[in-house]
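Next, two complexes with chain A in common: one pairs it with chain B, the other with chain C.
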Partner chain A sequence: MTRRISGLTLGFPTGFQRAAAAGLLAAVLAIPALSGITAAPAAAQETPVKGGVLNSIVQPEPPTLMLGLNQQGPTQTVAGKIYQGLLTYDQKLEPMPSLAKSWTVSPDGLTYTFKLFENVTWHDGKPFTAKDVVFSTSKFLMEVHPRARAVFARCESITAPDDLTVEFKLKEPFPAFLQSFEVSSAPMVPAHIYEGSDFRANPANATPIGTGPFKLKEWVKGSHIQLVRNEAYYKQGLPYLDGITFRVIPDAASRSLALESGQVQQTQYSDVEPFEVPRLKALPNLDLSTKGYEFVAPLSWLEINHRVKPLDDKRFRKAIAYAIDRKFIRDKIWFGLGRVPTGPINSVVKFYDPKVTTYEPNVEKAKALLDEMGLKPDAKGVRATVKIMPMPYGETWTRLGEYLKQALGKAGIAVTLESTDAAGWSQRVANWDYEITTNFLYQYGDPALGVARTYISDNIRKGVLFTNTMGYSNPKVDALFASAAREIDPAKRQADYSEVQQILADELPVVWLLEMEFPTFLDKRVKNANKTAIGVNDTYEDVWLAAK
Partner chain B sequence: MINADFWKAFARNKGAVFGLVILAGILVLAAFASVLFPGDPWDMATAPFQPPLSDGSPLGSDMLGRDIAAGIAHGARVSLLIGLTSTAAALAIGVTLGALAGFHGGRVDDAIMRFTELFQTIPNFVLAVVLVAIFTPSLTTIVAAIAIVSWPPLARLARAEFMSLRTREFVQAAITTGQSNSAIILRQILPNSLSPIIVSASLMVATAILLESSLSFLGLGDPNAMSWGYMIGAARTVIRQAWWMSFFPGLAIVLTVLALNLVGEGLNDALNPKLARSRG
Partner chain C sequence: MLGFAQLFASRLVKALAILIAIVVMNFFLVHAAPGDPAMVMAGEAGAADEKFVEQLRQQFGLDRPLHEQLATYVGKIAQGDLGFSYRQQRPVWDILAERLPATLILTLTAFLLALAAGVALGTLAAITVGTWADSAITVVALLAYATPIYWIGLMLSLLFSIQLGWLPAFGYETIGAGYTGLAHAADVAQHLILPVITLALFYMAGYARLTRASMLEVRGQDFVKTAKAKGLSQSHIVTRHVLRNAILPVITVAGIQAGQLVGGSILIETVFAWPGIGRLAFEAVLQRDYQVLLGIFLVTSVMVILFNILTDILYGIVDPRIQAAR
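Take a look at the complex of A and B:
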């Protein structure tokens, strides 16, 4: 039996047929709308209109728009309109078609076959074929994209039986494979331009050529990036927008003002500081959404160096968990943005299990655990002294450090705060030269891709950031993550991940603080935006602007 | 030097007396901070974003619920401590180098003055920021950084005083009687050159407090010490929602610096012999 998931019949709400029909409808309805004699304005409002330019912010300015070479947040938001992956994901992280029209997975979980859309062309007019997919995944990304390399290194072969079919054969089952095809994880790049060249030095990197609905028209460094409609886009009638302009606005207060004054119609990620959110949310012309970040699903935690005593004792880490009030952190420091986590997997990611040991704020329990460890208070009430080095990512993280110092102080854990700059922080954390720090990592839609890396002992790698820098090691946890990654039966995978979540929640290798949410502000005129798990990074092929 | 005449001259300047009163008030506030506001100023004692005159927080609370009044009282300690110690350190460096240069003249003078110019050519604040950033922010590094950027004017002043006094008859007499160089510097010249040095030192305390506030404002303060600059820096972003969080610490800085300047002016009047003579 072959599990077949056809894009044209299942889960294809933004697809070609519907969009084409809607486009026709728009053309018909646009005439009365323009002449101002619309009988039913509400219905007309919801019919896509062609035209208009969407203004947004890009911050900080990306170093390049060649998404294969750079996957920083701002690069993704802009280049996600230029490049495409084979798939995108809905907000429950189920795969949806992008360049691939449909896909099948063999019953043994070893062969993944993708059927591509017909008539897709690169921005330079050359046809996009399965050869480009093979080149991108087996050569280009293997060389320049660490996250993609870890995934595609699992392939025994990547072949193109014909121009519209690609076949990936894995060495062993890896169900998370299907979660690895969104545009930043595996952007498709043109083989005819990159084949045989030095990928990083190719002059075409400055003028990105993708398959997406928008093309780069102009990039004035320090000012703006202007994208325009790709007239040859393979979905008839799309995109609706004439273009998208991303403005570079380095100052946070100016970014909020640009949104308030209507100069931009969209902000994303950290464009707007958390403390501005309550004020902007109240404005009548703006919609706030925290959806569209399911794919990145950031989780922040107190990263604890297990090589330092008494931090190696799980009772001490539990005492820390009891001493802090995560609701306070969410409500007062992040101004309500986020969810209180229960364990290592963000609740929007697959295989999340809430049935684990949880830690409600309780200073008495914290003190009892410290007593049990023999850490008695001295004359000043101090039982132990630890150093916390807050992440140097802006003042919200500084406030968090100040809060932690006070909260832990109440349980008798004296905290010395260390300040550092971004480079110093990366260097010290990567080289294990810290006691406690704050950190957050993206989870990329599947525990095998974004969660296991923090806790498995194979990934204790000195000098590399975002690995198991705590030095936590538990053979049982290693075994469960390994077997879950290989398991093709979803029920058995869930059992493995549930068990590992219970163990981790009991041993607390890190103390989870917040399932972070980013605010996306959209002007009410912007329709159809931010509907997938990658939200603002998606193609925006069917986004349209309602009349003022 | 400090006698009835001095006080008379000082009191003639009404502004100076006013400054002295404010300064005394701030000193008392700093000294009794832990009595007036027991506990840690970092404690989230009340609800966040409480406006002034609300229950339990006369000047309001900040975004984490820390009492602004407690922060100002405890911040006074840090500000005064840093102002005074860094000025003392700057005095030690500046007066020593200036005295040696002015007394010996010639090559020693050349060497020391070129060295001083090296520091004078670098903008004060930029150098302080760089120093604190390199040596990680703490009270000690902040005091050291402020002292390092503040001593050159004092060295120049001391040098000028020493050069002019060096040729006076009482110094020549001391040299003829065979007193050692150090005795002449410390017992003969220094006491006679103190007046302008004291005046500029009092103004330097004010500058040091401003420097510390600016460093803290930029997030380069000691993360474990509550200070006025930090309070303003942290509250800057919510100024549209909560003016009081930055207003009161700002007021504290303005009053302290104003008081120190007024006192410095009063000292100048009282200690300047020319002005004293003109008063008759």
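Take a look at the complex of A and C:
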């Protein structure tokens, strides 16, 4: 779930910006030159202190904070403090307790039993029990949440043997089930408010009631969202922070200024444009981390419509792969953020296998493949013409489009760039009305949840985004993804996934471009933040602010 | 006085007809763009299935035929109901009412400041034509007019909030300060300074140049020479004879710009994170939030029509010949 459009980026002259920023930097650097003296108090500060308000950015402004109904990226970051899931995940994607204290999986892989924490209450004071979990997973999410619907539809039954125990019985083994309880994948919602109502039209959606460590105090549309401490939080003494304020700042340059001037202490996802990262990274009061995105593990690619000739020929797709330099894309367009991918599974996700065919940049190989297809250069050196429609999700994607035009041009593939906006893009991609576009999808902690959907033929569904919109179909790939999804022996699962990665890397249904990393900037005063696989979207129950 | 009332009434009737045409045209215009709000929301979610998009379309009423949607919409407008934003789950009027004050306070202040300063500077330039003062004003006006408005905004923000730390860089008020009464007004005023100056500089440049050119033209006319020959004082001639005649084109331009007060500050609102209606409009376009967009269009249209009528009336007051000739 979760995409952030980086808002409107005004065509700001970067050269000048750097010059102005250099002056600014000098001003900032002049202050904290006494680091030697502050070392001792810093050590003493490692004991958490209560109090303080963390300021961050929310961009673009979400339509609602009811996480069950909306899983847009910014909604998750804010509502992740209000709502909770049964589990959260560490940065190796192993499950950790959230609302569930412990859990067991039966040896046949069919029964998952969760024990809940005691004394948990909703923000309106009503107790949180197993009944809420059953309602959330079997009714609420099944009705409104596309990802959760696909997962919980696999359940034979969802029951509550007692107030603190929930039992999920599956129709067939699905080991990825345990990866499906993160807060945005399966947020727990209060049964006493939603039971029997029209979920989307419930007036309570405007005043979200969760179990999390923070409650919504005020949301001034277009300005800010203010969260305050939930005094009745079930973990004694937590949270440390008095509150968290998220400011709506639509302009990318202004967002960087806000971080630079200390008006916000945290930015996430696409708040800061990649070209700003090297400059902000150098500021002494900020820490940069690219961790905390393991659960989403975004992978971007050139999405190729196999219904258009000659894009249906794998030699042509391989020629594209050889014609582009993905290291260049990472270093010069994403300013070093990200990793060069080898195949369909992001290397931070389980069952990743690097032993596959890889494509080093080599224009000659590209030309040879095109020759083999009979695509000879005409008088102008053009062998084929394709249309590329870059994603309208910020300046960086536009730059990528311009690079692709240059790079493919060198191999004799002429590129026409098409431009569109988010709504137009969604419409055209979902309805297969494109030749090549750029896209990125999240992998959600397991190939069965976030990877298979792009390549299996069952998922060729016109009018629906994030399906197999290319129209790629290979029965062997379908079979391998299907057997891996229900295989409970990890070794056999690995074998299936390794084989499918080899096949896909050879057939190149899409051309993978980048395992994307997002920059999280945190002021050095912010402690304990960004420790799990969902990073900034986690509850922040134990995040605290050191004294200035 | 009767003539005035008649004029006003006939203009109102015409305005109403124009407004109806605008409502219908706008409706088709926003639906002509590719994609719909359900698709946008599916795109934002990063995951979708048929049911998700279907449910949303049904809830938004997008599954009905277009003419039926138009009939529903016009019917509601006739009853003074701007509709309901399903994306934000709130009535459109509430959303607009929340954003309008922020925009109006910003654009009206900037507009009045620009008008006063522009006319004053233009007059000064005209009476000192050819001297260093005239050149200075002309150059400043040209620069202010030619420089991209968001760039000025960012530079002012860099200088006054980041470097000097005198003024807040963005926002409408200090969050969580809980000011009331005078303290609140002072707080908002402080946040208002940079965006107002940025916006006013741009408009001011236009008014200054226009006033100067117009004054220079009027100054050479016979009745000004007559006035001089009568021995009237320089200041009397400038204010009562030259400026009063030269101000007409300025009123025309100001009338047009006043109509854009609601929608004309998108860039400023974006750079300064000002929670106004310009940004709302821009976001509504991207999100295909039809109802909100149509609501903003309607409010903007009404503003344009009102200011046009107002301009016409003002013409008559400044120059009685115009009304006589009607």
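As a convention for this text, the second predicted complex is superposed on the first by the 506 of 548 C-alpha atoms of A that agree within 3 Å, B and C clash if a C-alpha of one lies under 4 Å from a C-alpha of the other, contacts with A are read in each partner's own complex, and residues count from 1 in each chain.
Definition applied: a contact is a pair of C-beta atoms (placed from the backbone, for glycine too) under 8 Å apart; a residue touches a chain by one contact, two chains touch by 3 or more.
The shown structure was predicted, so the numbers you read here are calculated from the model rather than taken from an experiment.
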Touching partner for A:409 - first (chain B), second (chain C), both, neither: first
First, second, both or neither for A:160, with chain B first and chain C second: neither
Touching partner for A:204 - first (chain B), second (chain C), both, neither: neither
Which superposed partner A:280 touches (first chain B, second chain C, both, neither): neither
Residues of chain A touched, compared between chain B and chain C (which is higher): C
First, second, both or neither for A:221, with chain B first and chain C second: second
Which of chain B and chain C A:465 touches, first, second, both or neither: second
First, second, both or neither for A:420, with chain B first and chain C second: both
Contacts of A:288 with chain B and chain C, given as first, second, both or neither: neither
Overlapping contact positions on chain A, where the chain C interface meets the chain B interface: 253, 420-421
Residues of chain B touching chain A in the complex: 40, 42-44, 48, 63-65, 133, 136-137, 219-220, 223-224, 234, 237-238, 240-241
List of chain A residues in touch with chain B within their complex: 252-253, 273, 275, 279, 332-333, 395, 398-399, 401-403, 405-406, 409, 416-421
Residue numbers on chain C that touch chain A, as the complex places them: 33-37, 39-53, 55, 59, 87-90, 95, 98-99, 102, 150-151, 154-155, 157-158, 161-163, 169-173, 175-176, 267, 269-273, 275-276, 279-280, 282-283, 285-288
Residue ranges of chain A touching chain C (in the complex, touch as defined): 1-3, 5, 8, 10, 12-13, 20, 23-24, 27, 53, 60-61, 63-64, 70-73, 144, 146-147, 149-150, 200-201, 205-206, 220-224, 226, 243, 245, 247-251, 253-254, 257-258, 260-261, 263, 420-428, 430, 441-442, 461, 463-467
